[in-house]
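What follows is a pair of complexes built around chain A, which joins chain B in one and chain C in the other.
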Partner chain A sequence: MSTSALGRYAFINAKLRSRIGSMLDDRQVEQMLQSQSLEELLNLCKGTPYEPLLDLYDQSADIQRLEAWLFSRSVGLHREVASFMSGTHADVVTAMTRKLEVENLKGMIRLWFSNTVKRQNIDYRYGYLFQKEIVSEIDWERIVNAPRYEDIVTALARTPYGEAAARFEGASLAQSGLFPLETALDRVWVSLLWSVVGNLPADDRKLVKQVLDRDADLKNIINLVRFGYLYDLSSDTLRTLMLEGGTVSSTKEFDSYLACPKEDRSPQALVARRFPDLAKQLQEAGAMTTERQTLLVERYLFAVRRKSFRAILRGYPFSFGVILAYFYLEDRQDALIRTMINGINYGYRAPEIREFAL
Partner chain B sequence: MNVFTVPMKLLTAVVLDEATDAVKKTLLSLGVLDFIQVSHLAPDQAYRLTKSTEGEDPQLHAQLRTRVETLFQQAGRTVFPSEKLDPKNSQPLDITGAKARLDKIGSDLGTIREQQKQLSQAKIRVEELFRYVADQKTQYIDIRVGSFEKEGAQVVDSRLANIAHVFLEPQEWKDSILLTLKRDRQQVTPLVENLRWTENPDGKRHHEAMMMLKADLEKRLGELESANNEIKRKIVARIEEEIDALEDLWCDLRLRELLGEISRNFSHTRNTTIFSGWVPKSASANLERAIRDASGGACVIEWTDAEQMPREEVPVAVPDIPLLRPFQKLVDNYSVPEYGTINPTPFVAVSYLAMFALMFADAGQGLAILLLGLFGSRKKPAFVGTKRPMIGPDMYRLFIYLGASSILSGILFGSYFGLPLFPPVWFDYHGAVVGHDAMGRNVYSILGITIWFGIVVIGTGLLLNWINLVRKRDWFHLVMDKNGIIGGWLFGCGAWAAFAFVGSGYKTLPEGVFLPLAFGIPLLILFAKVPLHRSMARKAGHEVEPKSFASLVMDSVMEWIVDVLEIFSGFLANTLSFMRVAGLGIAHVSLMTAFMQMAELAGGFYAPLILVLGNVMVIALEGLSAGIQALRLNYYEFFTKYFTGRGLSYDPIALHPHAGRQIR
Partner chain C sequence: MTTQAFKKRLVLSLLFTLLALALSAFVFTPPLFASESTTVAATAAPARGDLMWVVISAAVAFSFGAAAAGYAISHVGAAAMGAMSEKPEIGSQALIFIALAEGLVVFGFITALMILGKV
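Moving on to the complex of A and B:
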């Protein structure tokens, strides 16, 4: 490894690892899971990175505000990490930040859809969405207040999402719902990420490609099972859902999965070669409901993902891996906090929340 | 002053079952007994003993207490009423009643929180409208100026209740103003038409309406803020309403938890209760008297001296010396000393201050740190409910000591805010660094002083280790260990030879047979370390792995090589590590010199400004650096010589939470 990699990652590696070290440990999580009320949970956040949630709740008693804070924290962390890097490396982090931008954009368009197409009152809900710049200069107010879909397309014209948005029309979206548009936007950020990853130095490029390929495979399998097996989407629609990268969508199992009539699709056959353990588990599960099988597939693949990020963290420290692992862990921790907040607020007990969260 | 850990005694007591409750309360009131399980003392008798099976679930108490504490925290109280804990007032606890009370408060608070949530959502609505009005983003808002045929504000507001809007009826106008969002047009327009709205065609009124709306929205935001504050007051008031009952409940629950914890350490025969635990020798007589009183004399008490028990099982308490508390924290942060060994705190106090003083030798800057410490110590403790301050009272007290030590060393070296205002008592440190006349001293003299200082610190560490080993009767390590007498002797001889070598102008080592013998004999003795250790272990009755002669020789050679490397490279590195003291001191002088020169070059008004800023920077950065390096030297070069950190902390079950180990 060249010394430039050491120079590039020495600071960020130390900084991110120290943050990883101060993340919630198992004991804290267990204690939080046992909380009897939201106030108790938030009191336990004292001294953790989530301490501001306590004050926010005290000011508003509004858990949606807490979720909004978690999102803005995540945006802040991504932008901060990007500011620690330079050149292509910063571009890659910025491209990763686009995932959050797309999530926010989808949230805005959903609000617009509810208000304009479904004629529902969106009232204060806009206030929970992130309204500042994430990566591109997007006029969020213009999107949420757009009288027609075409105005959203115009608002996005100077952003990377303009082209994808322009492929749809308001009338067709009113018929089909937002799902096709949302998946198209997802593909935009993934494609943007792939385009900058190619500029990374060889070692980093290899590592990031591996992670992206694996993530694409996992996401594609989950989509194929969830939408092709659980919700019976057509083969053509499924094909458009596939994210760039990975190998799953170019296998013969994929082709035969799509070629099957909907009722004959088998998740077991789809994953048999790539994840024989999972196939075995599905076989052993036997007469499980479709929902349970889908859940089993998702859990298994999430566990695979978790394991691989742990391996990255244990590996060579001066690489882009530390950034990928850090974002993964932060994301997971945020999801855990979000689940606990909602679970405890709605009166769920520790075992149920644990099942959702871990 | 006792420089060793506090002497302990082991209590074993048997009381009649009927006195158990009274004894439990007494033990909790005294709070000096660090329990151990009786079955641990007599494992062969354990089958005759039964454990306490008192019914209440300790987790339930802890859960309820946490709920009460959460209520305290919501009311802004972070300190719980532990001073009210009194085992004598312990009453039977009505768990169902307690739960019901907490549920009722929780439900009331839930209702108030729901109102708060609605306020929060209303605020989001008003904020959005205000933003559009203030920024004149008319593309997103509809402003209607006109009148409804018959309906007033109340009806309009109720019809538009779920839609972001403002309806104004200015007193001086015949017309009304209605502000809504354009995106809500589909819902608003039919409502407005139903109420028969007539728009005023005078366009000028819209501008005035905009101003009025802005003022009104601003007012509404203020009102929402006040309403939210009122809600927060309501929450506090609801909790305060029952604060006495909650405090009592907290005390009852806490007492139950503590008494339950004591119960879990009790063992029982058919009619008696047996318990055992460690107590400081000084508190033993008082404890015995209290147990006898509580049990009405129906008890059997036995005492065992700590010396009769394995040292590693005796918990460690250290004497509380108020003046040395800041240094005690430094020791606590490292580890717990072994029972019966030297308490490192007084030694750390001396070495830490000396190291800091050598690295930060400036009377003026020391005075600044001292004043900061004095100022901080006079500050009242933070209000309940606020965050704990980053710098606590002990840290401020440490500043006072550090400031005083810097003043002393500053006077010795004649440095006052980097200026030689008075002649040095010892020598001119600044002069020695920058190459001016400094009574024949230069940078090398400073390095030499710190090396000597290091030798003294390491030597003291070795001496303390020997004292500890003698007290532990660990003769083997006293002689053969790298920090034992052989290690110390080699260190001393090495230091002597090194100084002689430097004294000869880096040319020759001391001549004659002394040096080869001084190194050779201990190294030869070290070779016997492995066989000696095996033989002593065998004599002590420990199992020793059988080995062939060749394998024993191999082990001895390997161990010898490792020991020799550790002794020579270890002591060399430890000693040279003290050169950082000189390094920091020299950096301190260099920085001050640089600021002086910058001030001279800048001149005029900027000169004093640069000097002040320079001093502030040096105090902050160098002060922090010297503090950290002094800590590092203590932890790695001094503690490693005598402080094993293998002690077990004394942790009695007591009413008031405290560190446990410091005994007054």
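Moving on to the complex of A and C:
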């Protein structure tokens, strides 16, 4: 039986909006930023969804455990939302959960790399990674303890990541590092997400495509600026970083950005047509270091993303938009908490932490 | 559903409701439109066929009210449960919205009584 949008989203819309209403507000965040110690910060988490962090810190005084808890909470939230949906809608949420799975997989492969290639001790680090099933059945321990890269490929053979992993070889990764493999894995989950979005009903499909296209554009611009302008990666490598979706990679600005020599690349020319305000800001900030300019671009594009999710929350309530906006806000809040925990732990002050918390 | 489509559906629903009300008024209140002789006849005991239509009208009024209330409560109730599962303190506010939906069956019931009262 087909369900109307009202029937499908009545429960989840009310539930997620209630959660959004309980998220940290600006006053609480400001208070947290002013904390003088980690204990003070975690005490301010009382009565918020982050209250368990306080107990966890009391037991271990280990901030990596706090980060591990934030990750497992995020997995739990994705799974919970998927359990309230059905059919294609649940498939889309599950595909979104794959982002976390890929993050975890990248973390495991980094551990393997440290252990096998760099010969570092990884025993204490393995405990901080998520070791349960996220979406696919992956034997995490087998990946970390793989004697050769080929064994990782075998361990991933029955997952959607097997094909991407098989395109690389242990020897070449030891030379180039894990960056190419990690970007290939990122592209896998984005492509899996696109493949299920096509099965959504027309209204939801249109909305989710709009959001994914916009996100792909923002992420691609950020990658082009960060890796092409700040880190001077080659044009061929930059092309492999481009995520599926969006229009950035089919514009003439993109072609000319990649065609010109590395030292002549201009983020301003890249964004001039799509974000004239940002181009103006970059022009005014001409004397800035490349790092500051990159940060300016990232800040601007993150603000664009934030605005668009706020617009979704103000719009028609019975759509997939509420789920996308909820995950975005949860992600942002987790990132903020993580930045504050690390910032305060390493002795940074409020203005510096605010700078990092995009 | 886009905002545009939602507005279109809302306008259509309102038009449909108005049309249904107008039709009901026309069908269920014959004495207002009847000639004097039929009015006199109506005050007398109704014929068997007329009685059947009165009962059907009352049943339709009540059952539509009940069905509409059921539909509304299924959605309002689901939303209320969703919100209350996160914030139990809003339970009493949620009940108000459920009661508003419940009102539809009361309207149907009163309409049915009024129709039956004409017998």
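Rule of thumb we're sticking to: the second predicted complex is superposed on the first by the 354 of 358 C-alpha atoms of A that agree within 3 Å, B and C clash if a C-alpha of one lies under 4 Å from a C-alpha of the other, contacts with A are read in each partner's own complex, and residues count from 1 in each chain.
The working rule: contacts are C-beta pairs under 8 Å (C-beta built on N, C-alpha and C of every residue); 3 or more make two chains touch, one makes a residue touch a chain.
Small disclaimer: the values here were computed from a predicted structure and weren't measured.
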Overlay on chain A: chain C relative to chain B, clash or fit: fit
Chain A as apex of chain B and chain C, Cα-centre angle in degrees (nearest 10): 50
Contacts of A:318 with chain B and chain C, given as first, second, both or neither: second
Which superposed partner A:141 touches (first chain B, second chain C, both, neither): first
First (chain B), second (chain C), both or neither touched by A:7: second
Contacts of A:261 with chain B and chain C, given as first, second, both or neither: neither
First, second, both or neither for A:19, with chain B first and chain C second: second
Partner chain(s) touched by A:351 [first = chain B, second = chain C, both, neither]: neither
Contacts of A:286 with chain B and chain C, given as first, second, both or neither: neither
Chain B versus chain C - smallest C-alpha distance in the overlay, whole Å: 5
Common ground on chain A, meaning residues reached by chain C in one complex and by chain B in the other: none
In the complex with chain A, residue positions of chain B that touch it: 63, 66-67, 69-70, 73-74, 106, 113-114, 116-117, 119-122, 124-125, 127-128, 137, 139-140, 162-164, 181-184, 186-187, 228, 232
Of all residues in chain A, those that touch chain B in their complex: 34, 36-37, 39-40, 43, 58-62, 65, 115-116, 119, 121-124, 126-128, 141, 144-145, 147
Residues of chain A touching chain C in the complex: 5-7, 10-19, 21-22, 203, 206, 315-316, 318-319
Touching residues on chain C, where the partner in the complex is chain A: 1-3, 5-6, 74-76, 78-83, 85-87, 90
